[in-house]
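One structure coming up, written as structure tokens, with questions to follow.
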Amino acid sequence: MKMIEYADASAEVRAVYDDIMTSRRIDWINNFWKVLANDAKTLRRTWESLKEVMAPGALDPLTKEMLYLAVSASNGCGYCIASHTAAARKAGMSDAMFGELMAVVGMANETNRLVQGWQVEIDDRFKPKR
Amino acid sequence: MKMIEYADASAEVRAVYDDIMTSRRIDWINNFWKVLANDAKTLRRTWESLKEVMAPGALDPLTKEMLYLAVSASNGCGYCIASHTAAARKAGMSDAMFGELMAVVGMANETNRLVQGWQVEIDDRFKPKR
Amino acid sequence: MKMIEYADASAEVRAVYDDIMTSRRIDWINNFWKVLANDAKTLRRTWESLKEVMAPGALDPLTKEMLYLAVSASNGCGYCIASHTAAARKAGMSDAMFGELMAVVGMANETNRLVQGWQVEIDDRFKPKR
Amino acid sequence: MKMIEYADASAEVRAVYDDIMTSRRIDWINNFWKVLANDAKTLRRTWESLKEVMAPGALDPLTKEMLYLAVSASNGCGYCIASHTAAARKAGMSDAMFGELMAVVGMANETNRLVQGWQVEIDDRFKPKR
Amino acid sequence: MKMIEYADASAEVRAVYDDIMTSRRIDWINNFWKVLANDAKTLRRTWESLKEVMAPGALDPLTKEMLYLAVSASNGCGYCIASHTAAARKAGMSDAMFGELMAVVGMANETNRLVQGWQVEIDDRFKPKR
Amino acid sequence: MKMIEYADASAEVRAVYDDIMTSRRIDWINNFWKVLANDAKTLRRTWESLKEVMAPGALDPLTKEMLYLAVSASNGCGYCIASHTAAARKAGMSDAMFGELMAVVGMANETNRLVQGWQVEIDDRFKPKR
């Protein structure tokens, strides 16, 4: 599980690294990709999926980064929290926005457990119509 | 753990119900609050916190509802997903926005586990400066 | 994954069923055990572990049932919440105790996520001494 | 995300810090609050909620701290485990009580997954009556 | 969030449906894909990733299905447990194998929480060499 | 919560340590057991359960270790991931097998959340027959 540096990477891995750096307009590769590079297939698939999922669409890139961070905080993944906090800040998240994001994440986790512990049934109005 | 209807509620519970209906401009109370009303103190505290957390601020109400939904989907809380999908739609979430939100949630859960399973260390650049 | 009724159970499974009914002073077996009985080895091991863990010791049975319920609510396991709410009530949990238990569970889930999202480092005073 | 020391804190933050120290009869502030102080509103709301939730009521403070610890262990939140282990010990948790608490937490996590994986249906007797 | 039947599907969605049925040698589409079809892009990306990930490689299809089921049971995802139990059985999982799989899942969840609650540090021998 | 070394251990703890070393053909004890030894009863019960669960049966030891690792990665338990990666490698897991295992874990976590967020209902064909 060593980290694969650009100089030591196969052509297949280098192609992904190049695309990451070009797409993100950066000149370095973060540890996540260097570790995933031990499994070139997962590296390529994960990067291509991530690029497609995080591209601007009906939601803007900042909103997507904040959603990513919300999930990562809820899962307690230290690396993911650190890297997506950096990404969200780069995309424009202010201190105040981060504070409110975390307040929502905290509150959602609290009420999720209240709902489950109190065994609340879904209101008919909230059920999906099929 | 029965549901407390308005007609059967104490003055303290009614005051919260009234505030929920006024703040949300609705004329009904959903099951979550009717069940929490068995513990009037938690009902009041939870509603007051939620009202404060979900109020417009640095983030708009739609973004907050989508963050709430992202956490609920990540926690697998059925009631929370159903009620906050409804709330997010009311706040303006389109089908396309929901689709992208879920794509980000799915992707974040995938990479969170890859990061943890591969034991990726945090890059120095991502560490908080203290 | 059918449920194994007493009448259809092997001698090994019946021995566990008998011990469950004797230990709990009840005359019926709940679905969890009837389903686990498809794997007699896991049925026996789980029951023996549970009996040992839930026996009175430094903590009384009611406290143990409430801890069990707190974990189950935090994990969102519907069956576990329902069955351990019943068990905790039988052990003496009042409505007020349940309300406070859930308030703590909700609050702990909220602050757990705030801690992780804000990347709070452990205070030296809280670190275990080894 | 720097830590806000008392000397550098706003009047609003200092008021919360003072209340924490008075309520807990301590003369220092742990990292959680110093980090949350970057978002004064969440600091205040979280402290006030926590103070209300953890106050003695139908459950005594030690039981509440143990429930908090059970949830934190179940969520795998390192900081929360460390700080609430300290708090529970201060409230009177012995080594034997901690050992039994953890045994219950472990067991509950095991049976929660057995229940879900085996798809156990809720017994009618365990369903809430509404 | 209605389900998209083959007859009502767009050409893009039909192409994915056809590939699912051909690859799996079945003549029907399960609900997961019919619901995802509301977001054709996620449908296609998810199916292509899944097909690549679940293809025989260093691990055989049965092992992969059992790993999928282990994660789903650990996450408490009802639909995922039901569908991947069916898939694993089709790939050759016997009753005895399922029983042992669940026993491992239960045990892993128990010890995971013991490890975290007792704050066990990683042994030097277990640390990845980098 | 100090670690109990062999030299300082009670006869009861030593008996478990001896059995661990004999069963695993190793001459050292890892931190998990040294910490659990603070609660001799949990040490013994956990070791006996683990030994029974991980013994070869319908599933071989390598498959069991990989299932254990899949759950640990999904729970984000650092120690468990590190120790069970080592154990799985010892049991024969190659780099390629680890890569595919993690790809399945990642994918399962992604689709688990898509299923829950999209509120997919269980197909009749997947429901257990009872």
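So that you can tell them apart, the chains are marked A, B, C, D, E and F in the order they are listed, and the count of residues begins at 1 in each.
The rule is simple: a contact is a pair of C-beta atoms (placed from the backbone, for glycine too) under 8 Å apart; a residue touches a chain by one contact, two chains touch by 3 or more.
Given the structure is predicted, the values throughout are model-derived calculations rather than measurements.
Matching the C-alpha atoms of chain A with those of chain F calls for a turn of 120 degrees, to the nearest 5. Comparing B-E with the candidates A-D, C-F or B-D, the pair whose contacts agree for more than half of the residue-numbered pairs is A-D.
Centre-to-centre, using mean CA coordinates, chain D is 34 Å away from chain E.
Inter-chain centre distance (chain A to chain B, centres taken as mean C-alpha positions): 19 Å.
Distance between chain B and chain C, defined via averaged C-alpha coordinates, is recorded as 27 Å. In chain B, the positions touching at least two other chains are 1, 38, 41-42, 45-46, 49, 53, 74-78, 82, 85, 96, 99-103, 105-107, 109-112, 114, 116, 118-119, 121, 128, 130.
Chain-to-chain contact here is organised exhaustively, every possible pair of chains being in touch.
Interface residues of chain D facing chain E in the complex, by the touch rule stated above, are 69, 73-74, 76, 78, 81-82, 85, 101-102, 105-107, 109-114, 116-119. Residue ranges of chain A in contact with chain E, taken from their complex: 1-3, 41, 45, 49, 52-53, 128-130. Interface residues of chain C facing chain D in the complex, by the touch rule stated above, are 1, 30-32, 35-36, 38, 42, 46, 49-50, 53-54, 57-59, 63-64, 66-68, 70-72, 74-75, 77-80, 82-86, 94, 96-97, 99-101, 103-105, 107-112, 114-116, 118-123, 125-128.
Residues of chain F that touch chain A in their complex: 76, 95-96, 98-100, 102-103, 106, 119, 121. Chain B makes touch with chain C in their complex at residues 38-39, 41-42, 45-46, 75-77, 128, 130.
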